[in-house]
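Shared between the two complexes below is chain A, which pairs with chain B and chain C, respectively.
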Partner chain A sequence: MRCEKISISKKKKEMVYVKDLNVKFGDKHVVHDVNFNVNQGEIIGLFGISGAGKTTIVRVLTCQIEKKNWTGDVKVTGLTPAKKYNHPIILSRIGYVPQLELLNLYFDLSPMVNVEVFTSTYGMNKKDAKEVAEKLFRILDLPEDTWNKPVKHMSGGEKKRLSMAIGLIHNPNVLFLDEPTTLIS
Partner chain B sequence: MRITKKKPLTLNLNKFKSKVSSLKPDTKKVIKKVSSIKNNIFRIIKQVKKEFRLLWSDKFNIFLAIVMPPLIIVFLGLTMTDAPQEAQSIPCVVVSYDSNTFINPNDFFESQLDNYTIPYVNAVNKSSLLELVRFYNATEEIYAMEQARTALLEGTINVIISLPVDFTELIELGLPGLIDCIPDASKMVHIQANINAVYDSIKIFINDTNLKPQFVIRGFEEFTIPEGYSSNFNTNIIMAFSFMIFGVAFVLSILIVVQEKPIARLLLTPVTRSEILLSKFIAYTLVLLLQDSLLIVSALSMGLYLAGTVTDLFLALFMIGFSGIAMGIFISSQSKTKTQANQLFLAFYLVIILLSGIFIPIENMPPYLQVIAYILPLSHGDPLIRGIITKGQSIWGFHFYWLLGICIFLVLFSFLIFKRRKYEV
Partner chain C sequence: MFIITHDLEAALICDKAAILRDGRLLEFDTPQNLVSSLPSFGLVARFTIENLNEKIIEVIEGFKPVKKILRAGNEIIEILMDNFDENLPKLIRFLIDNNIQINSMSKDLATFRRFFQIRIQKEEEKEISSKQLKVIKK
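Now for the complex of A and B:
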């Protein structure tokens, strides 16, 4: 597995810190001694063959894997996912765009309502959410006529971009993208 | 046709980041809000709203939950509120062994019937509850009983009435006359009606022959439906109520957890599992309240005779419906796929209906089945509704508390299972 960094900022606030990360599910050792850190303004890409453990690392960072399954020193925005009480704060500071839109979007609801559902979990009111969503939709080139129609009528690329918009909607400190180029037009 | 050339989407990282960073809201502000109680309530309300939106996106669900149950009540009301139909007479045969042949064994071919056989056959003919298909004089037709049994087997009659050999003699001696009644027991629910019809013929027989039986039984009916109300409608509605409210609530909630894939993604936001499940319970409870109200309004407007109070009926229906929701969410929380949830639904629903006591009396079941039957909600829902509607009983009793217990158990276990359910994106 390889990590590639692109630095686009001079600020050096540590956003993700991973030291000696090992993940085990029973007897299966999935991730071996992974070390990396990401500072504010940096973009890091994880490359590896299928089953290398890329998604597993992201799952540890996004509080999806219980502490009993992993060891090492991990911090996301200065907080460790090892402590359960840190989870709500970490989750409010990160954005996540999964590989499959099916897991991220309510296909029967419109993009605007999808945005409302997710932003409400961060305590954002409807007006703020709508304002931010409109700006993001424009940045991500989502056609305006699709904003209020059910997501199921959107193309694959549009769904992916909507998924990205939802990941960015609360202006997270760290954005995790799983297979971000899939379906992107 | 004019084709507008779309500008390709290009990603300039610096520009993109500066644009995104300029957006509201301030992350710090958001973080402050994450763990406040006010925000928890805000999130739950928004999740409830989402549930309603998802429900609204499936119009068939709305039809099933809100419109169909009152429509069925209205349909029953319109088809059953007419003047009470004349009770259908029960087809029967009378097989008489009561002959003086046996009194005079030297004259075997003489088969003069004894004094009381013909009056009894006349009484059967007079009874509006019985329809005499055929009379057999068993002393002449030696295969009378076999023929009668064949008729019972074929379903052309529902009951065989047999007069024993000493029928007349016993009456003449002032002893109680014996009549054998052989109903078709394969139709369990009709057994009592068959016996009642035979009793009716006996009453007519006693009156016509001025017999003085040793015991005079006078019957007074209690908890009957007053005149002006359709007994057909009321009888059916009592059964339909518990089935309908439980079934609709159960079917409506069976997939709400298992089919909602984005829950996995929602859990990567500050919303908690408890908030998600609680919002589902709240949303579907609100739907249930609406269902209850519509059912009661439609039933009362169609002529339901209610001996108890509307509040008690409302609460009883609510408890039965809520047990359906709780069971649906319980199954949905622990099912891995929609198929599994649907299969479990079918298995549970069949068992719940079969053991509800409506079709087979619980007392007639083997002890181990009785235990299961008494645990299940409908075996308490039906007597609860029946008691309130026909006897004016209060809701506060064993059946209500048992239903409450079932609901609390299912809700708690749903939360526990949902907390442990594995979600990964």
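Now for the complex of A and C:
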């Protein structure tokens, strides 16, 4: 009986579903008929030279491209980014670490205050958020004396790792890393 | 987890790799399956050749079973071919007969980086030939 239970719980959930995705910005057709799906626990690498459409596809999945610019059947954790009312729920279930940290960090605030700002939008309570943040900061080797000073004083590698901590802070179902190996120290 | 990357070594930790070009998804499979889709399941013969140059490469291209030659360094080439195990001794004989001096050699499995190179090259060749076709039609 027990074994059966385990096998059921191991059944993989479909996390991302993309069918016939096309993205157009005006006359520019940047993504053509892309299809793929991703199950829970899978690590997917997106490879291609500059301008191949890697970031564009991820921007559709992370609700950053307006529906008028894309067509196709897309589901992220079972919800479509085509509907604006799904955006808050999708965003609370995914983590996104952009290529450039300035897109997801407030440089004049400290790492801890950055954590507060982001976790409050996910509806996490302050105390839990702080606990998780400390854990992640330690795993990612962010020196404790940087935690309460403005982010702008951190080194490039520290900023990148802080950016990753913030992408992971709400224990997302799907994590998107855009060029994670640049600047990592 | 999605990793967008230029770093082809990242494929080592990926369950599946998506290869994109000009907004089209060329491949979506495990890196192992993609490498195995190459001739002879991705086996490569790597040679260090004394004074390697274009002319020598052209000579090697003349050996029929050779499917692809990639330069991996100043004097290093990697060769993909059909029926690898059967043809490797013949290839070595062919090099010797053509006075090509082999300084070292090894048998290896192609890396994901090589697969990526070959796959993108194939697409570029397709584009060039379709452009030429258009010119001819005009």
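One rule holds for everything that comes next: the second predicted complex is superposed on the first by the 174 of 185 C-alpha atoms of A that agree within 3 Å, B and C clash if a C-alpha of one lies under 4 Å from a C-alpha of the other, contacts with A are read in each partner's own complex, and residues count from 1 in each chain.
What we mean here is this: a residue touches a chain if its C-beta (ideal position, glycine included) is under 8 Å from a C-beta of that chain, and two chains touch if they have at least 3 such contacts.
Note that the structure is predicted; figures quoted are calculated from it, not measured.
S.K.: Once chain A of both complexes is superposed, is A:I43 in touch with chain B (first), chain C (second), both, or neither?
M.R.: A:I43 sits against chain B and chain C alike.
S.K.: With both structures placed on chain A, which of the two partners, chain B or chain C, ends up touching more residues of chain A?
M.R.: Higher number of touched chain A residues: B.
S.K.: Output check: A:P88 vs chain B and chain C. Expected answer is one of first, second, both, neither. What do you get?
M.R.: A:P88 sits against chain B, while chain C stays out of touch.
S.K.: Which partner does A:T71 reach: the first (chain B), the second (chain C), both, or neither?
M.R.: A:T71 contacts neither chain B nor chain C.
S.K.: In the overlaid three-chain picture, which partner chain does A:T80 touch, first (chain B) or second (chain C), both, or neither?
M.R.: neither
S.K.: Pick one for A:N171: touches chain B only (first), chain C only (second), both, or neither.
M.R.: The first partner, chain B, only.
S.K.: Considering only the touch criterion stated at the top, classify A:Y106 as touching first (chain B), second (chain C), both, or neither.
M.R.: first
S.K.: Do chain B and chain C land on any of the same chain A residues, and which?
M.R.: 43, 178
S.K.: Enumerate the contact residues on chain C facing chain A in the complex.
M.R.: Against chain A, chain C makes touches at 1-8, 10-11, 13-25, 28, 31, 116, 120.
S.K.: Within the complex, which stretch of chain B touches chain A?
M.R.: Interface residues on chain B, with respect to chain A: 7, 9, 13-14, 16-17, 19-21, 23-27, 30-31, 33-36, 39, 42-43, 46-47, 50, 53-54, 57-58, 261-262, 264-272, 423-425.
S.K.: Which stretch or stretches of chain A touch chain B in the complex?
M.R.: 6, 8, 41, 43, 59, 62-64, 88-89, 91-94, 96, 98, 100, 102-106, 108-109, 113, 116-118, 120-124, 128, 131-132, 135-136, 139-141, 150, 168, 170-173, 178, 185
S.K.: Provide the residue numbers of chain A that touch chain C in the complex, in ascending order.
M.R.: 16, 23, 29-36, 38, 42-49, 51-58, 61, 99, 174-181
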